[in-house]
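Here the chain labels run A, B, C and D in written order, and each chain numbers its own residues starting at 1.
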Amino acid sequence: MPLLEVERLTRHFGGLRAVGDLSFTVREGEILALIGPNGAGKTTVFNLVTGFVRPSAGDVRLDGASVIGLRPHAVARRGIARTFQIVKPFPGLTVRENATLAAFLRHHARRDAEAAAVAVLERVGLGARADRLASSLTLVDQKRLELAKALATEPRLVLLDEPMGGLNPSEVDVAAELVKSIRQRGVTVVLVEHVMKAVMRVSDRVVVLHHGEKIADGAPSEVVKDPAVIAAYFGKRAA
Amino acid sequence: METFAQAVVSGVLTGTLYAMIGIGLTIVFGVMRIINIAHGEMVMLGMFGAYWGQTLWKLDPFLSLLLWTPLMFLAGVLVYRLLVRPILGGGELNTLLYTAGLSLLVANVALLLWSGDYRTISLSYGATPLRPLGLSVAAPLAIAFAVALGLTGALWAFLARTNLGRAIRATSQNAEAAVLMGVDVERVALVTFGLGTALAGAAGVLLAPSLYLYPTVGELLIVKCFVVVVLGGLGSVPGAIAGGLLLGVVESLGAVYVSAAYKDGIGFALFLAVLLYRPSGLFGVGR
Amino acid sequence: MRRALPWVVGVAAALAPLALGDPFLLHVCILVLMWTLLGAAWNVLGGFAGQVSFGHAALFGVGAYATMILYLKLGVAPWWGILLGGALAAAASLPVGLVCFRLRGPYFSLATLAVAELFRLLALNWESLTNGPVGFLITALPQIAPFGHPVDWESKATFYVMAALLAAGALAATAWLKRSRLGAYLVAVREDEDAAEAVGIDTVRAKSVTLALSAFLAGLGGGFYALYFRYIDPDAVLQIGLSIEMVFIAVVGGLGTVGGPLVGALFLTVLGETMRHRLQVGHLVVYGAFMMLVIRFMPEGLWGRAHRLFVAVQARRSKHAALGG
Amino acid sequence: MLQVEQLHVTYGEVTALWSATFDVREGEIAALVGANGAGKTTTLKAISGLLPARGGAITLQGARLDGLPPPEIVARGVVHVPEGRKLFPGMTVRDNLLMGGYARSARPHQGARLEQVFEIFPRLRERSRQVAGTLSGGEQQMVAIGRGLMAGPRVLMMDEPSLGLAPIMVDEMFRIIQEINHSGVTVLLVEQNTEHALAIAHRAFVLESGRVVLSGTGAELLASPQVREAYLGM
């Protein structure tokens, strides 16, 4: 059974259909990229899966159990963590406190939570900056913190919303390695990303959205050759 | 049926004045995203302006409008420049607390100067009510209504027809786009704050002959004013007008058919219901 | 030894007014402690969780009315009444939270204001329960003698001790909150509610529990007020001004700090009472002016600023020590 | 005419544009293309003064634009039609257009230009009293462009004018952009609909990760395999 099943998911905002009849699955242990042009509905999919937005129709199941209707904190408890495209650190707290808040989900004693948080910070390369205020970090480090908070909830599946957006090329390489290392520890990854070179490098499979619908689903090298994908990215000139 | 008509008429009269106060609050919110809690005190200052005008200089309260409206505009401009602008970047809650401080300060300075006594303004022409169509309408309230209608109409024309008025509306609908049109948002904010204050002051002058006046009257008025602007949708001028009329009529009908004591409560219950189910207001275009 | 010093100073300072015995001094101290309790009550919700309520007078009023009604109508001893008043305020806060927490930011603040006005109107008009605008008056308090000492209800010292215990309890509760997991959750809620939900924090539950705690403390304050002043009516215990004063004390003292409410209450009450003594109405002028000055120049509050300076000095000192050693 | 040299722009800590260099010649349509997040919108915002330039220079016929406040840039004739239209949704079509002519230099011409806009978009004349928020996407885009024209632009910068439009409207929009250009307005076009944009552009620049990586005539770029690579990361 796949880890995550998205089935006929639909969401309207006013008259606009942001996501329409979208189905795809995520297998345990894979890295799946969700791509598509601006306004294709990728972030909305994340919001629907994690309970920040209620779907108009459709279902999302983790290990066969529906998570629709759960509030975001309950979805996180089930084992789906996420990051935000516009990073959302707790700006007035230190890096350690940020991660500890997330670690509280699985460790009730402060000491245990802090230990778990520090371990995660080491993994993402923020160990040396644990006592800095989150608001004082550079963007790369804020993206790392965003990831650390998601991992500190000890998820089975993590949804990353543009983990590489705004980074320079060498930083993108580091981030790509980090994403691969998450999977090596047994956490399944779904990422939305615009930096296509990184998508091609890290992902096992790509789902392409356009106007809220799935237009392609397959290996990265196949998907980029798909005429529908090229047309979606490129626009089509009417003859 | 006659009681009903009477209640609706007096509701509309009061509601027009609520609307006028509400417009002042709502345009300031629209442009600057500040909920100015001291707005009620601006109304209070207008009321005392009318009172002292009559007491000291034998100035007819309605005539004194010509004096106090421009002065309150200036006061608004000064308050904005000296007090409000420096804290604009501080977040919604800080500005809310800050204007709460300003409200307390102004009300209590007034209390210190003028004592907490309830005062009234008596007018020679205030004694006999007008009797249009068999209904009874207090003359001062009728005059206030007519003037408020005129002022609101003038403001409407200003907002609809002039470049500056359009710029105010544009800024409150989309500040970034207004900048792209070449609008100097800082200047628009200054004028808007002045206008909002002038409207509050003018409403105070108009209300003075119909209400008891005392330094902390602003507290009661500002709470009603919140009801008005939230009913209509924060930032919307037509919304404030509709909200003002609605509150006026609901209160007036409530006083007749439910209980005079719970008159204000009906307004607040309506307010909570709207906040819960339509936070963008009854007539809001959505947020 | 060094650690004990602040405690020794604190206890000595707490005992000093008793030793001096001056009634006006004691009265001011009682007010300071009552406002510390109320400031702390507001601070739990407003300072830690970032939910700015303009309606805490309602919770204060529930506590005051509960204490009075239980004593005068049912004969429940007022010290039990104070505790029950707190509990009732906490219970009343649950539906209030259900309604108001659906809104965020300034909308939440406006909703709490409307709720408080509804409570005031209810007290004004539900005459069979509340006596309406007439209110309640306590003419005599019962004779008791805990530990063999008869309690002298005419002495300010009695109330001073009660107020001190209540205020100390509130500050202890705040200190506990600051270290607890719930406290950490509240800070997360204050900083970013969506991010808090995303890491698995049930923000609605965290806010509701906190509101209940805050309401309990405010209710205790109301009950104490009823007992100390022996008279309540809707304008005395349910007016908007009370809510605003609670906000100011917490903000001037320092939002989200443990000691802030004490500092804010001490500062504003002493200043206010001095002004009231001389000018009768002036104290709220000072409150308003201070509120504006603090937000403009010292948004972290008096205690917050002092604490930061203290930490900075300590850091410099330990650096010196490290260099020297 | 409009010269952008080594423009560097950040949002707080985030660098959105590393170093963009390109120029727009008088009377032409220049296109700025590239994948999402490449820095196209940022470039336009920096030119119109919404974002400060951290480094580099923007000049209009030799005079520095960077550092000027947005109203001054509008007054000099550099007008930005933003992505997503950014209309004033509660105002009528006519009021939206009049706002476009708000700049002091444009005010005397409000009446005449309103007529010109109605000539180009007869649809808007019919709808002039309608509230802008209730228009269809295509009509809203017409208002956005018309609003830009009201300022009497020398350079009109358009950000994603075809975004979210029905295919038939997309064609219409590109036809209108050419028409505006023929009437003497220089156009800087940012488009995701690359194929279409390159087809009408005299010259084009490809942005990738905040840098201009390729430039040439529209036709050259249309044929270039590198353009596809910039988009699809092949």
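Definition applied: a residue touches a chain if its C-beta (ideal position, glycine included) is under 8 Å from a C-beta of that chain, and two chains touch if they have at least 3 such contacts.
Computed from a prediction, not measured in an experiment: that's the story for all the values here.
Undergrad: Per the contact rule at the top, check every chain pair and give me the one with the most C-beta pairs in contact.
TA: After counting contacts between each pair of chains, the winner is B-C.
Undergrad: Let me spell it out: compute each chain's centre from its C-alpha atoms, then which one is farthest from chain B's centre?
TA: For chain B, the chain whose C-alpha mean is farthest off is A.
Undergrad: What is the distance, in whole Å, between the centres of chain C and chain D, each centre taken as the mean of its C-alpha atoms?
TA: That pair's centroid distance is 56 Å.
Undergrad: What is the distance in Å between the mean C-alpha positions of chain A and chain C?
TA: About 43 Å, centre to centre.
Undergrad: Starting from the mean Cα coordinates of chain A and chain B, work out the distance between those two points in Å.
TA: 48
Undergrad: Report the inter-chain centroid distance for chain B and chain D in whole angstrom, where each centroid is the mean of the CA atoms.
TA: The mean C-alpha positions of chain B and chain D differ by 42 Å.
Undergrad: If each protein chain is taken as a node and each touching pair as an edge, is the resulting graph a line, ring, star, complete or other?
TA: ring
Undergrad: Using the touch rule from the top of the page, what pairs of chains touch, sorted by label?
TA: Final set of chain pairs in contact is A-C, A-D, B-C, B-D.
Undergrad: Which chain A residues qualify as touching chain C in the complex?
TA: Per the touch definition, chain A meets chain C at residues 50-52, 71-74, 76-77, 81-82, 84, 88-93, 97, 100-102, 104-105, 108, 110, 149-150, 152-153.
Undergrad: List the residues on chain B that touch chain D in their complex, please.
TA: Against chain D, chain B makes touches at 160, 163, 166-167, 169-170, 173-174, 176-184, 236, 285.
Undergrad: Flag every residue of chain C that touches chain A in the complex, lowest number first.
TA: 179, 181, 184-185, 187-188, 191-192, 194-204
Undergrad: Quick check on the complex: what are the chain B residues that touch chain C?
TA: 35, 83, 86-87, 90, 92-94, 96-98, 100-109, 111-112, 116, 219, 223, 226-227, 230, 259, 261-262, 264-265, 268-269, 271-272, 275-276, 279
Undergrad: Which residues of chain C touch chain B in the complex?
TA: 50, 52, 54, 99, 102-103, 105-107, 109-111, 113-115, 117-118, 121-122, 124-125, 240-241, 244, 247-248, 251, 279, 281-282, 284-285, 287-292, 295-296, 299
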